[in-house]
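A short write-up of the structure that comes next.
All chains are identified by letter, namely A, B, C and D, in their written order; residue positions are counted from 1 within each chain.
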Amino acid sequence: MSAPFTLESLNSLPLPAFSAAVGEVFEHASWVADAAFGHRPFATVAALHEAMMGVVRSSPAERQLAFIRAHPELGSKVKRLDITADSQAEQGSLGLDRLSDAEFQTFTELNAAYREKFGFPFIICVRRHTRDSVLRQFARRLSNDAETERNTALDEIAFITRLRLVDRVDGPGKPRTEGRLSTHVLDNVSGKPAMGVAVSLYEIGKSARALLKETSTNADGRTDQPLMAGAPLRIGTYELHFAVSDYFSAKGVVQAELPFLDVVPIRFSISEPEGHYHVPLLVTPFAYSTYRGS
Amino acid sequence: MSAPFTLESLNSLPLPAFSAAVGEVFEHASWVADAAFGHRPFATVAALHEAMMGVVRSSPAERQLAFIRAHPELGSKVKRLDITADSQAEQGSLGLDRLSDAEFQTFTELNAAYREKFGFPFIICVRRHTRDSVLRQFARRLSNDAETERNTALDEIAFITRLRLVDRVDGPGKPRTEGRLSTHVLDNVSGKPAMGVAVSLYEIGKSARALLKETSTNADGRTDQPLMAGAPLRIGTYELHFAVSDYFSAKGVVQAELPFLDVVPIRFSISEPEGHYHVPLLVTPFAYSTYRGS
Amino acid sequence: MSAPFTLESLNSLPLPAFSAAVGEVFEHASWVADAAFGHRPFATVAALHEAMMGVVRSSPAERQLAFIRAHPELGSKVKRLDITADSQAEQGSLGLDRLSDAEFQTFTELNAAYREKFGFPFIICVRRHTRDSVLRQFARRLSNDAETERNTALDEIAFITRLRLVDRVDGPGKPRTEGRLSTHVLDNVSGKPAMGVAVSLYEIGKSARALLKETSTNADGRTDQPLMAGAPLRIGTYELHFAVSDYFSAKGVVQAELPFLDVVPIRFSISEPEGHYHVPLLVTPFAYSTYRGS
Amino acid sequence: MSAPFTLESLNSLPLPAFSAAVGEVFEHASWVADAAFGHRPFATVAALHEAMMGVVRSSPAERQLAFIRAHPELGSKVKRLDITADSQAEQGSLGLDRLSDAEFQTFTELNAAYREKFGFPFIICVRRHTRDSVLRQFARRLSNDAETERNTALDEIAFITRLRLVDRVDGPGKPRTEGRLSTHVLDNVSGKPAMGVAVSLYEIGKSARALLKETSTNADGRTDQPLMAGAPLRIGTYELHFAVSDYFSAKGVVQAELPFLDVVPIRFSISEPEGHYHVPLLVTPFAYSTYRGS
């Protein structure tokens, strides 16, 4: 899916068209695009984004605050007319538009507590977090002081708008916004890649787990596609499950009715949404090791 | 808890006292003890057990079948007057006397199907199995033929009576009836045993997990007591959870807000109830390995 | 270094030019090329080679034997006028043209014993073997029977000529004649590739070791160039030495005056000259692991 | 080999007999024992040693220096009449009484340089060092200042006399003077201890290696005796060699003519002579790991 604009074309548009193109990147604040217009031409997409964030960061405090206040609250259960389509899609990606009543209650209380303390809504780049991580940040940030939170809100807006911008503009120097999770299974009995190992990826929440992907290893012991890619990795905790005894049975290895190792779970957390996480498994029917690889 | 009799004293008892001492080892079948009496003196406890099983195995088929039939069904919800105290205690150890209605239903149906096919109750040494394993054996053994099942029933009776006998008789040559599960945590960053790692042991069932034990590692990286010992290990699937990031935090290692490794789960199965399972963890903040050790 | 001919051009050459181009691939046997000429056009370089070997393998036994006999002996100390430039270069690559007196004596005796038993010289594709491996094969093959050795000689000639052919002819379907040895160092303390680890590669002989390469790891924990590539890997035993304590010292890790791990040697053997050997090191100051990777 | 005296008997001896018993522990300095006599009774052997060292450390500087000067030089090639039998035996344990001419030359030059700079002989507890380590310490300590070296000499004398004392006196509270090196081989293919693996232990010197021990693993994957024990471990570098492919061949594992892993060398250094070093090997035909265990 390619972006609708190229940096080159943006650099040559007149102001109204430029603002129409990237004005919505900043929630209800096309004045940001207007002011950034003066810094053309932009050598890279990253430079365009920095220019826009520069406009925000150098605005008077009042304007910053008004801008921050214009963002929607998290976890609104009903579709609201006054949030941008981007915000709707982003919150939807986390299921924040399909909260249970109890969860809605939790978000409502946190939102209220946050707004009461800081006078603006809790802003977080939801595309970089699991739901558990959003709740953890909510709890943690509630204890910050006002200035820290204003800066944190701007940092999160930088993450949000960077993602929106790279969806709209192609060109040189795109900032890195995508992470990658990959795996690799080595059969340490035969010294060869383990082919045909069923692999499942789960997101581990406080009380439940969600199956994100089921796949299996190819002749090189890897999966044909990365386990996660093409977007930020959501900060959170995951488990990879490897069907090890099925693999060894298929290779003719005689095993106990209940093999010592059957499904091997590897639990790990992601804290760098734009990073590369390689989580391999070196395995025999009685031993395995894993590590953060590269 | 020492056994009430010594092999030496048993060897010198007259028949009535001998039968009173070990007659109940075989369910409602004091004739087994009576017949074994003639083989005195027994050099080892194992020899006594073998002599008693020899009596059963060399009995006429009719008598064997009657003997097998005299065993109680598994999973009877209500206390029944006609089963021995041993059977009650053994089934209670697995929670088979506290089944939910649905589980009771499952056991009732399996018991009925089994009895209809074979004409005798399903016999299994429950002290050697988790509840999941009992159900797995039930399903598997239902497809056996009659002769195989008669022999399997006798094998299970051998396991059951061996355990009952070592509870009653001390002496040389006790058969091995106890297994052991142990662990050991090595900190591969410092090259030293990891002290103070919280360790939890879970039994993993089809749909739930039960916490069996919580402990932590001592200065030698081991637990003061084995994780399981003093009884057969129940055939089944388990998870050890090691609180790795708490350990490294306490050592002053700087970690991400969500460390790559937090709680490390090691899932493994036990198939030898009388075996020694050593399941160590070699760990850094970014890598670990485990294996069946010794 | 590109080959002087393309398969396409070869396919269109008249017989004399064709024979001039590839006739010397088979030692003193341009008749092989002449006969293969009739099978043009060749779809792949591999097909050309198979056609030429097919000519040899389907020749009358006498002609095969004469052809085998026309090969030079191994380890001739003096330059001989009657061996092809290819044979000279191949034997030189192993140092077989610079043997010590004692080694020359060994080769002379083995050559004599072999020739006396079989009536033809010992033929081996030296570019696929270390000197130790050549001697091991010599000793082993001396105990073969005549037919096995005649077939082994032809198999070795296939290896020799395949290498000569891919040096001369470019085109589709080149047979795989190159192996690759690579490594990768992961720092399991930091969960990152280990950059700047000095790596040495040695060939391990019966009594000595020869330093083949010194390099160090880059930011990805790999070496910029494979440790060996662009040719068959010589069958033999090797050691990789990793300067682990220098690496950790440079990272500021406090270590004993004599660190537990200083230089880590990994000894392994190569038995598939055209294979890919990946030999990684996962390391902390107190632990490491290695495996045949992919 | 038990010590000739018990602490209890020493505590009750009159002065002349006490000095005869432990006077030679301090080289040509029976006055140390005489002065320590007044501190009887000693609760532990360690307390006796500390009392004797206390006498030395609280002596006037002149007397300390004279005492230090009375020690023999290292590496005297010829038996000298004026050194104690203990010193002879200690230096002999390292082969310092059988130096080659070149080595004798090295020691002579280092001794001369040291004596010229400091005015007393180089003192080191040779039983705690390999020859390479002695040379390394010699070179390092030559650059110290005089006071540091006087203190280092006393520290080394403490090590020397502690060893001599525990050879002479049995009793409670013996100071720890013995180290231990052990290993353990796990077969990660079968999940069992590897029995029958040939293990060799080498001391690795600057230019040569000395075979210290050959043994093999028992049914528990360990060696019947520790690899080194009953004395301080000499500070230095070692290699353990494990005959891995012989082991797997004996188990019927089909391997290449040159198996990927044949002899696995594990190189490590010992820096704590009184420590316990456990160096296990977890191995398959294609992978292994090792670590400092406990």
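Operating definition for what follows: contacts are C-beta pairs under 8 Å (C-beta built on N, C-alpha and C of every residue); 3 or more make two chains touch, one makes a residue touch a chain.
These numbers were taken from a predicted model, which means no experiment stands behind them.
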Notebook entry, point to check: Which chains are in contact with both chain C and chain D?
Noted result: A, B
Notebook entry, point to check: For chain B superposed on chain C via Cα atoms, how large is the rotation, as a multiple of 5°?
Noted result: 180
Checklist line | Centre-of-Cα separation between chain C and chain B, whole angstrom | finding: 57
Checklist line | Interchain centroid distance [CA atoms averaged], chain A/chain C, Å | finding: 49
Check: Touching two or more other chains, which residues of chain C qualify?
Finding: 186, 188, 191, 260, 282, 286-287, 289, 291-292
Check: With chains as vertices joined when they touch, what's the shape: line, ring, star, complete or other?
Finding: complete
Next item on the list: In the complex, go through chain B and note every residue touching chain D.
Entry: 186, 188, 191-193, 220-221, 282, 289, 291-294
Margin query: Quick check on the complex: what are the chain A residues that touch chain D?
Written below: 186, 188-191, 260, 282, 284-287, 289
Check: Quick one: in the complex, what on chain D touches chain C?
Finding: 133, 235-237, 239, 256-265, 267-272, 282, 286-292
